[in-house]
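Each in structure tokens, the structures are laid out below.
Paired with chain B in one complex and with chain C in the other, chain A is shared by the two complexes that follow.
Moving on, here comes the complex of A and B:
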């Protein structure tokens, strides 16, 4: 199942990159000075210099804790300063890679003039982020109403507070040549299969890509089969869902800047399970989940079956339905396949337009598009009433999936089915089904 | 290599599928009902009913088109009818097929053979024998709301839940081909403004040799299968009583082996008395006892008459031979047939009247 697709890059290449990065401290400062928000000033007669990026650093820490102490006394060594400043986790270092990383992240750098290579780094990071809000993609009526935000610390906090256990392990990696995104691999030690953790971390380490903006970048890079239309990671914005997956022994991946967590390994059925299912009594939840599965099958198969049956297998239409279907079709100048494709594309168009527009206008477009275009098409004799209902229902059914990604999959796989149905009738539909289960 | 093979397969399949003829439903002439009569010079005359569905605005205006052609066989009739139709005819939706009694008495084994061969035919199709001409029955417009084919289909389907035994193509072909069993079909008669099921027609091979009126159909069904509904009127003294069946079961038993076979047919009927006409007595348990005895006698006489008739005509619609064949390993069909007329069949009916309501 877990194939090692991406091989580790040769180590010589990596060391080469490292040596390129190893510029001197002066060069680093010079390159930063081109930006207006990089502040540099000296205290106590050029004895001591403070560097920081104004837009990234917390000015409160600088003004209250760092500057008063540096102004009042004269220090001979960085270690001396370190002992006096009441800020936690300061480091004295010469490592230019570390310095670069920390300063760019909002640390304040203090340099004593005479020891030019060694600097003191004071953490004063100020990050802008929105507060925790209710889940919008995976909304549930009952149950917790917290969703992940972009800040990874907040997100991990949301997970940890639900599971105060020492076994909850968080491994952090930095991925992306340019973005240097923080990626956390979270698992419950002792429950998880160590091989899965190994695989995930290995694949994450092997990623060589400039930008990791969102967790979806990671799914596409490290999944088992990139040609499959099915998502291979469960993508969720609900902390409670991540926690329950962790307890089941799965591995979660979180990316700084992404309000969605990934959990793996995952199964297809899991993608159709809403968190509501776990908050309701078992019989209700079972029925609702079955309805959802039925809706998915209906959504994928209804229009292809319409095409196949009307084109090749009239015998399958029940006698009672015959009159309805034939009379609604009799004015239509197109063959069933054309009719279906036109209508399906219209629905996709509406959906795409609705997704790109602001919420208020989007709703209007949905209603206007649905009602006006639908009725007009039937009135004009371009599509049949029966098909309009089938297409509308199948579009509706495809929205029942609780995970957004699988909804997209269902939207897509309908089209090969329709073409198969037109070319080979029911055999085509079943062939598509076989292919689908193969990928 | 694998991918290449797959691609070649996919492309060739896509291209070849272009050769496939396909038409949408509304471009087909969908035959819903067919009837066959005896034509001139030993030919058969087929009549096909094709419903014409109105456009979406006038859904109710479903009319019917009847096409008639002569041919030596069913397929030739089909070919001739195709010549009269602007759309390709499709027989997959055929729901009722009728044969005139005249034609069936001359033998329809060739037609039955076609029925069992054509995979497009639904096994749920209903067959019937028309007392008269099938063409007359098909081409008359009936004042009921439904179309003709729908009316006939429902007529046979619904009555199979009451007095008439279940007959569709599957059952028919089963009893036609089974050893030691003969087929039967409902007999349909056209009335002035309606059609009605008027009895059963019994086959010997592919030929109709005998019929029974609808008054005997209940007795036959009672011997043939278990059923839960249906009504039978039984003469009692000067009047009649109406038995409403609520559950009848039948059991066959073969005794004495194949040397001198003897059949016991035990029938248990539970029924309610619905109506007593011309019976001038108070309904009480003792009258019911009496009525039960009268009914038993009525059913037993009727059943024995039926079986006597089957023996005379050398037909076996109850499938007694088939029953014996499935139970005895040294069953010999020719020997069975030779001895069939001497077969001892003992019918034992037990009627239980569960309710008789309040009569004064």
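Moving on, here comes the complex of A and C:
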């Protein structure tokens, strides 16, 4: 998963499509008029016409800066209007693709004559987004508590303000045939390996897909090995983490509408590093990180080892410990593998249910599931106490990973291990381990 | 980039190359295999408790052979196939290279059947060998088709996983008698030399350098790492041998087939007894590099000679291993294969100085003809 090769693909198809899309301005206006929220009206003797989408445009800009000027004076040319309206970054263009794109984003379009192909585009985009809040997935006790939001401009602002450098470069692409999502490739020029940037942009350009709703779509499309269960991009919601990755010479990818940034290339060890680690003194951080790594190994290996040892190698357990295990398992009718699979699936069930339910009910379900079902299962003689502890601990341990994606991986890879343990005991477990380390 | 790789059709992209330091892991992990689990018996049969001297002599011998290998690889323009072609011409060169390929295959086969035997003897007496082999070889196929970088990774992991197992030597030492080793040098020189021949076989594995040499980034720099690997292997064998000597007495040792595994048996921790189960399971890691690198080397040669895809050769070779290995049963057959591959390995080692001499002569002749 560490290899970083280029996938060669031609991007000629995309350009062809663009040319096909070219329609005339009137056709574009006609197709928009089917919607109720598309507004058009004429000012100053039917000559000057204003078009905009009510739901996308900011009415403040329209009312305060555009309409008064258009009403008060008469203009001969679009350039004249452009000089008078106090809004930044207006464009006069004939390019229908550009017009379509901008109007759909909430620009106000001004046309002087009915038949004119040339229009003035006034940026009046109203962006609805929530404000910057504290990170929920990657919360840390110390350190900055800002998290990305769905608006890409805000997100880039969060990054730029931490790194006021001219070298911080942002390349923007539009991806997705239907959604036309804005995707930004962010890197620190001079630090980054240019080849990586090129690979990333090239792969992004090659994407042909209708909808890019979230950054996770991009992860799945452009990663090196899409069959690997391991994440190949570090998916984070913390701007400070992205900044430190950028300084290390990595490339970040952000998608408009996704409150996450992807950074790449990444290594497995990084996926276990929390940003807390960098806010603590080195010895504490090292110990905590080691504990986290241990927790992950424990989470993956504990139940398979239980199966392997109890099914095949009970000689391995010393006498006193054996007595404990035997007494807890004495009236359980199932073999270890069945017991483990049932309990693991129960935990997965709780987890899935907990993730989908509203917060308040979720807590209740957690308590009901954890305490009531657990105790009842032991009392009914369906599972042993020891296993219950092991499964609960390993579930807990899998939550210690600071990156959510890798937690999912750990959740999944446990099951092949259990099967391996049932087939050949410890040798099966270590075969799975080899397979894992080879991925 | 380095000029060595500039022979036609032999340009290896930089992302397939390995850094010189990894030669340490490649060579060391290749040398440590199933052999170390039970090599003591064969040495003791020949030279008794003086076998450690033989082992040291063999280690020294290995350094000389390694030096020779580097000597002719450094100006050989690639790997063993290229050298064979230069020295013997096209057809004899091909033939000799293919002999090497078969030898590597034999080594792999040997490792696989011995490990299966270990599992059958120590863990699962009624193991369904063919199912196990099927999964093992599928795993190997996956690893080998990943290329030399993946194999290097496996070697690295194997060395690190092998290390904690080594710490377990503490238990037998604690329980043993250090006086066992003395009196020193109580055997004749011929006995010691016979044991040297036996112990040379434990060091087999660095011949793979002949194949993966072009994949090293700066080959000249890897020399010291390769020597270090051999030295490290010697030390590990020496310590293993001494520990077994301390723990077993001489007569007992002649009866014990798997000396090292037997010493694992006495390891006792508060929560684990019978450590050999864990040991054997972890040993899978140690033997995997042997199998993978072995098969990789064995399949690389036909690829270089006939220019066919390595994948097809790999599948054929895996099948060649699978059917006999699934059918083999019983210690005697395995012993036979062991002995045969040891003999083959010994002759391969003897062949290396011969090749060096031949190569030097042919280089001289060529130079004279050109000049």
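A few notes on this one:
The rule is short, and it goes like this: the second predicted complex is superposed on the first by the 420 of 439 C-alpha atoms of A that agree within 3 Å, B and C clash if a C-alpha of one lies under 4 Å from a C-alpha of the other, contacts with A are read in each partner's own complex, and residues count from 1 in each chain.
Throughout what follows, a residue touches a chain if its C-beta (ideal position, glycine included) is under 8 Å from a C-beta of that chain, and two chains touch if they have at least 3 such contacts.
Here the structure is a predicted model, which means the values were calculated and not measured.
For the composite obtained by overlaying on chain A, chain B and chain C cannot both be accommodated without a clash. Touch criterion met: A:315 reaches chain B and chain C at once.
Contact with chain C, but none with chain B, is seen for A:426 once the two complexes are overlaid on the shared chain. By the document's definition of touching, of the two partners only chain B reaches A:325; chain C does not. Look at A:385: by the touch rule set out above, it reaches chain B but stays clear of chain C.
When the shared chain is aligned, chain C comes close enough to touch A:434, but chain B does not.
Where the contact sets of chain A with chain B and with chain C meet, they give residues 312, 315, 317, 424-425.
Looking at the complex, you find that chain C touches chain A at residues 15, 119, 123-124, 127, 132, 135-136, 139, 142-143, 146, 149-150, 153-154, 157, 268, 270-275, 277-278, 280-282, 284-285, 288. Partner chain B is touched in their complex by these residues of chain A: 310-312, 314-315, 317, 319, 322-331, 335-336, 384-385, 423-425.
Across the complex, chain A meets chain C through its residues 3, 5, 312-313, 315-318, 321, 424-427, 429-431, 433-435, 437-438.
By the touch rule above, chain B contacts chain A in their complex via residues 13-14, 17, 20, 22-26, 28, 30, 32, 51, 53-56, 59, 62, 90, 92-93, 95, 120, 122, 150, 153.
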